[in-house]
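Before anything else, here is the set of structures, which you'll find just below.
Presented sequentially are two complexes of subunit A, the first with subunit B as partner and the second with subunit C.
So, the complex of A and B:
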């Protein structure tokens, strides 16, 4: 086959797949968002933005992303460095750490609910140890901070591994020579991490962060399980509009808002962590 | 390829074909009811096994249920034979997409239900299938704290509040349980119980002075309500775990508690307010989409479901009561007996003030429910002033009524045209 054509032939199936299952539905959703019965309109957007819970769910979603992603980034870097230093049992540790990835997010939410609820494990433990007289309910609308922390913990437990696997792969690609050279010049382990690992990890960090940030704006099931109706997030609003109110137009409008936020942050990450032209590992 | 591999391939291909043929011969019963695994299995083995041509019973959540139905209707070709769902869901569908069922000759023994099943048209759009209601249930431990002179079968809201307060004080924890979780049916409590009991209406009286009193009372009750209630969806779980002692919920969402530990709990009627003992039925129906692949078989299945024996089997499987006249056997599961008693006492009480299901709201049913949920969240959870919230939510409610043109339903006084919010 013509060598110039080959790359295009090879990406054709993926392109076709994306067109059919991403681009086409995307245009349908956009169409739904911008139309009602009588032509082009911004009514759907006005309606969802004007709903009293919209600012709250927007704030909650951002707060959660802001609290969770940096911690996950730090944790996954730490874990990846540890794994990389291990001589034996590396695979086993990696497998164990990635177990939460295999659990659906609703299941993860329910696991953490079983820990935090009034008759849950944490309460039984505290009660058994004599710390509390009676099981107390942690997840109530009166302690939104506790609800927030519980959701944060569940999210960190569930989704850190996504970043971890990408970063582990990235660290594995960094040639040992750089570290040896740094050591020869007397760089401390911290210096080596900051001056060698981090810069050379840029492409992996970029991928990991984009994936994680986009997912953070789509958080839903964990929040629904732990926060109940007290902690609205954007995704929950989409679900409510689509299925409870049966209004695809407003649901599509909200989905586009989430998409816009995701694209915005993706662009920022792409720009902030770009690899300079001509630079290679 | 070896001969054996070829053979194996041919056999597996053939078996796939055969199983596909076998599945398509069965009528697909696409339902939002009887979803829990045990109930769905009981539906298959105890209720539907007796239907000759075979039924493929597939329960699903409302979202996916609706998505597939709408896709089939849009494509004008489908595999769903019979639909099973709640009145509220059917009323959000386009009546033209459902087959008129008058010529089947089956209907419920309740004229009200048959009328609701017309969905505002002149013909039966679905056939009433089974019914339930919302009741109260309590852990027997709580009974000792009943206020003096209070009759558990004829409680008032004030007595319920006092009772919950007594328990709260004695145990040191709020033990009233309310289904305020994301999937909880809290809106039905406001629409069918609190409002009719205090204001003798739902829509007209939404922002009345009586409604302010009702919400004040509810806030009093909320002080003795387990604050984790915002996570509660099925109160049977909290009854069984002991997190809540006195609860309000759908009969089938309490069933597990009674079936597992029948001696530990009591079921009783909802309380009464100044304008009577408001309560509301739950009505499920069966319908046939116009895209049903085998119309005759689907109609046979609907008829089969309305037979008295099938209705009793359905009662055992799902804890939903028959909609036709049947003689109930004596050996019913504990949950069914407890719920049946409570409902009978509720509807038979001298101050009964039955409400109807919201009707004529079409696809705005969800928006209607959201008005009540939002009002609850703003008044009770966010602590906003009652009159301001009601005045604010009233506008949304009026908009829904105007857009749909839905006339008032009981206990609201009848209206000409859209039901006004006064």
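So, the complex of A and C:
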């Protein structure tokens, strides 16, 4: 077979798969978002943006992303550095740390709900220790800060590992001679991290951040389990429109808004962490 | 003042004994070359001196201070790594200036020193590039410049010119030696190229299987190898060895000829002579010519003496044919003897 054609032939099945199961549904969603009974319209967008819960869910989603992602980034960098320093038991520790990855987000939400509920672990413990007289309801609408912190904790517990595995792999790719050179030329451990690890980790950081940020804008099950309707987020709005209000047009419009936000942040991350030509390992 | 003393250093990697019994003193401002075959422990010794590796036993002193427990940056050294370790994410300029930045030198001082060392290494036109855009030889020169820019008391170089073409290497070699002499730096230079070692070194330490077998001036190492290994390793072609039989006290028969030698038991020594220290004569070692290779000014003649291969470098105007038997006379004062059991030179 013609060697120039071969690569295209080889990727054809995947391309076809993507077209049928991703691109086509995407066009359907777009069509739903931009049409009502009579042709092209922006009505769906006007409707969802005008709804009183939209600004709140937008703000909540961004707040959560802003609170969770930086902590997860710092944590996963710290954990990856520690794992990489280990000589023995490295794989075991990694497995344990990545267990939350294997648990669905709804299950994760329920686990944390079991902790924070009025009859949950935390209340029993505090009560048993005599810190509180009677079990309190942490996750009520009067306690929005606690709800937020509970969601943050659950999200951090659940989704840090996804960044961790990418960063561990990335750090493993950095040849140790660069650290030795930096050490000989006077760089302290912190300087070595900042001047060698971080810049050489840019490709992995890109991947990890994009994945994590996109996931952060899709947060739903954990929030639904812990916050219910006291803490509306964008995904929850989509669910509400689609299944409770039975309006697939507005649901599709919201989905496109989330998509646009994700693409915007992906581009920003790609640009901020780009590696100049010739500067790769 | 940066005299380096290495006392009883040994290094084991698990079961493997990489270095044993290393004792070496390198004088202030001396240019010491570590010479040895691949895998003999040169890099390991260098890494122990600079602090990237800890010795299993022994002590390292630099400038009268014991430095074993000090971090590399507190030892007053700079190093050129065998695999360059030029940072890929920094430009050539920032690579050369890396150590200076770590010392928080002011910007204009960094600029001055980077530009000066870059000029020295002929890479001033590359300052804006990344290492991915450099050839191996250029990268190597960046690594050397990065070390020189530190103006250290001691510079450790692990095969710093191995990737350059012959001409550039010759030029860099001369320049490096000049720069280091001028800046009063003590240098340890690792190479497995003996010509490079001869031309650069104040003293050469020949290493073999994790030991230093001889540390002496190039001429001394060449003329009076302390051990049979050195005699066979240094010189191209290396020394010739022939079996010797005791004829009388201090007299030895070698291929039917008698020479003055050490007082030792019969059959316990070997006769050795450099190929250059031989001339055709009326009487001498009977040699059957096997191969004649013209080297320009000389002929490299491989012959058969007493069933042993024997090489001689002879005048090129000599008329020789393969198969011919000639007599080769060694210069009496260049004959060396080695003890067969200890491998040491004996007088």
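In the analysis below, the second predicted complex is superposed on the first by the 276 of 281 C-alpha atoms of A that agree within 3 Å, B and C clash if a C-alpha of one lies under 4 Å from a C-alpha of the other, contacts with A are read in each partner's own complex, and residues count from 1 in each chain.
Throughout what follows, contacts are C-beta pairs under 8 Å (C-beta built on N, C-alpha and C of every residue); 3 or more make two chains touch, one makes a residue touch a chain.
Keep in mind that this is a model prediction, so the values were computed, not measured.
Once the complexes are laid over each other on subunit A, subunit B and subunit C both fit without any clash. Of the two partner chains, neither subunit B nor subunit C is touched by A:207. Shared-chain residue A:181: touches subunit C; no touch with subunit B.
Of the two partner chains placed by the overlay, neither subunit B nor subunit C lies in contact with A:41. Contacts of A:98 after superposition on the shared chain: neither subunit B nor subunit C is touched.
In the superposed pair of complexes, A:266 makes contact with neither subunit B nor subunit C.
Once chain A of one complex is fitted onto chain A of the other, the partner contacts of A:81 are absent, as it touches neither subunit B nor subunit C.
Draw one line from the C-alpha centre of subunit A to that of subunit B and another to that of subunit C; the angle between them is 160°, to the nearest 10. Contact with subunit B, but none with subunit C, is seen for A:118 once the two complexes are overlaid on the shared chain.
This overlay, made by fitting chain A, leaves subunit B and subunit C with a least C-alpha separation of 49 Å.
Subunit A residues in contact with subunit B (one complex) as well as with subunit C (other complex) do not exist. In the complex of the two chains, the subunit A residues touching subunit B come out as 52-53, 113, 117-119, 134, 137, 139-142, 224, 226, 228-230, 236, 239-240, 242-247.
Of all residues in subunit C, those touching subunit A in their complex are 50-52, 71-73, 77-79, 81, 83, 85, 87-90, 98-99, 102-103, 129-133, 146, 150. Within the complex, the subunit B residues that touch subunit A are 62-63, 66, 92, 172-173, 180-182, 184, 226-228, 230-232, 241-243, 363, 366-367, 369-370, 373-374, 377-378, 381.
Of all the residues in subunit A, the ones that touch subunit C in their complex are 175, 177-178, 180-187, 191, 195-196, 199-200, 202, 275-281.
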